[in-house]
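Which chain is which? They are A, B, C, D, E and F, in the order written, and residues in each are numbered from 1.
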């Protein structure tokens, strides 16, 4: 009678990914509550994020979202409503940069693009897919750029 | 009368960092509440983290902490009680890997080691410091490895 | 020595309720943090609640509290400080409507009125009490109307 | 340059819904943290949910999730990854029942079925779609049943 | 039309309090999630509360609730459903002690007793009421004792 | 291989404390989210904190942080980055006063000063250290004053 939820799956082998493929996410407004929540959750209370008086003495003037908070929320945005690929699993990230600050009230969204396909150095049955994930704010400025690496099965020859 | 908090500062120029320098953090037990909190905060409700029945059908058997949750908390552990370096700022990460899962009840801590010093390609007045941050669980297994890049002023010659 | 807390009880049989009985609650201001908290807790990140830029393109202009968030908080307001009725238990709701939006900064409170008494179709020893719960904002506008059904023991004849 | 997120839309007029249409959601395990979170968020600290000693004296023995917490999370599960229908909007609920308790550790998911189509009493250009939403636990038992009403535009004749 | 919530008031002058008056609260089970929540909210991540491995090396063996967390929740328990006294306001605390630890799973409640009445040294129109607040766990052991001081108007002579 | 985190320790016997010793903390801005979080965590929803309309009728005009919330966060600020003293343990508090309100947006920090050293009435091997902890806002006004008592080992003679 009872059975597990059926997760939406889209099976893609390494060969099925094409460089240049793009997808984009919904958006989310980062609020003051999100900054406080990230400080609480991570334990990172640096004054850049939670000391408004100190921030007034800095070039950015106002508390800024933690880079890793923007990164975590960007990942969450990418995943909502996404199917599971039974042939792939996350391998990590090759690069993360935070070129602009996120302030309370900014609204962010993410565009993901397949930017590279690589053989795996040790496993001939698998390859790596490199996705560039560009998070932008409401002004179109990049606030987080991350290169996500996925470890994907190759088709049996 | 009123004045801002005085943050502990330790001024280190690029030349002051030495490859092999190490520091280590306090530890924190990742609870079921932390996994739920990361799902809520990031919006990432993949079944690996929050569907205990589905997890029973997987090799890892039980819900696992989000990689980015472990990464955020590792960063928080590194920052608690740390001084600010007025000559440096975070530049991002060059690599993040999650070689083992974190389950509710695991206790993690981080060792940071300076692993490389690089000139900055465009700014002769600055260099890059690369820190390897190794997060381990209570069994000594690595659960997160991140290469943090710091952009640091060089001494005026 | 140790014993459980003694919860305040007010014993009311079905016959003890009178149509037209009214009670009212304390008030609570719904903040931006409450909207974010409801999105996080429920996993409902529809743009109506958490994408401020998209909201600007809609008639309501600003993020709105989730209807079910207003409903949950209304229930909480009704329960604070209320005694337990050992002869009754909640049976569910017959109707929920959200005639007006709740924005961050709005202050809500609830008036409960007994609006109907019904026999229970199958259990002659019990009846149903129907309470109309009207949640209003600081302008006196109804933002949530819910008909709560309570399953209550009848007096032994 | 900057533009709002493009939300996935699936346009369905009232005529496009068919009685018997079904969809189902991902699943989520309700943890002790979720029960505490709902108590905190709603302010409903009834002993059924947060006094484990009192619960031992009751037939259900252990703290139970708030009905409205299960209802809110069910709604969140239904919404994740769902497109917006530009011709419809939520009108409220006609009925909510909680036939079985949810305990910490239970995993829930929702099946939605179109169960009725009605003309709107006052607006000839709109009709009502009634969805039955059945939330079940890992044993296949119904823990929440809600009738959701959607107000949907009719095709111009 | 709109008006503020009417808070339940019970007017008590200084003369109306009697030494030995007692009241008691509902109970609340302190969960692992509450300990994590207090660490997050306060920023107090001492290993006594959140490093389960370190705790194993200590006499108490398991993570303990922060004293101030028990104190805050005790205050919350005292306030739920309580009327406002328009003639009194909280003046602070004279003493707080934590004679026993609170572990996840413990259930606490509070007994308040008026233990002293004092004239106010500077304001002849006011006096001080000292309440002893004893928080106990499910074994009847005291886990928090706080002396609350209330500043109360005297009757006009 | 695996071993517990090494917590920074600074061993101080009772004799090592000197009256007049001072230390100060980082600062933290108390946000609306922190007030809501404290209400949720403690269950203290008094209108002073969470009913903005009622507050408009009061001398302070706007919701204020709970005293115990300010106290908990002050304690957290004092502890971040602090070493553990293996010869001492917290004994409780002798006095807490809240002379000024904390509003959303205020930034607080704490100065700790050793104000007294006392023999312990029953244990000749221990003494008490009394620390005055003064929390101030960005205007230099005291918002919380607490006398913390530490139970400290004396040197063996």
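Here is the rule we go by: a contact is a pair of C-beta atoms (placed from the backbone, for glycine too) under 8 Å apart; a residue touches a chain by one contact, two chains touch by 3 or more.
Values in this document were obtained by computation on a predicted structure and should not be read as measured data.
Under the touch definition stated at the top, chain C and chain F share these contacting partners: A, B, D, E. Touching chain A and chain F together: B, C, D, E. Annotation: B-E is the more contact-rich of the chain pairs B-C and B-E, by number of C-beta pairs in contact. By residue number, more than half of the contact pairs of D-E reappear in one of the listed pairs C-F, A-E or B-F, namely C-F.
Chain centre most remote from that of chain A: E (centre = mean of CA atoms). Our note on geometry: chain C versus chain E, Cα centroid distance of 28 Å, whole angstroms.
Annotation: 16 Å between the Cα-based centres of chain C and chain D.
Counting partner chains per residue, chain F has residues 4-5, 7, 26-28, 31-34, 36-37, 40-41, 43, 45, 47, 51, 53-54, 80, 138 touching two or more of them.
Chain contacts in this assembly form a complete graph, since each chain touches every other chain.
Put simply, chain E touches chain C in their complex at residues 1-8, 24-27, 80-82, 109, 136-141.
Chain contact summary for the complex, chain A toward chain F: residues 31-33, 36-37, 40, 45, 47, 50-54, 63.
Those residues of chain C lying in contact with chain D across their complex are 4-5, 7, 28, 34, 37-38, 41-47, 51, 53-54, 57, 66-69, 71-73, 75-77, 79-80, 84, 90-98. Interface residues of chain E facing chain D in the complex, by the touch rule stated above, are 26-29, 31-34, 36-37, 80, 105, 107, 138. Those residues of chain D whose C-beta lies close enough to touch chain F in the complex are 40-41, 43, 45.
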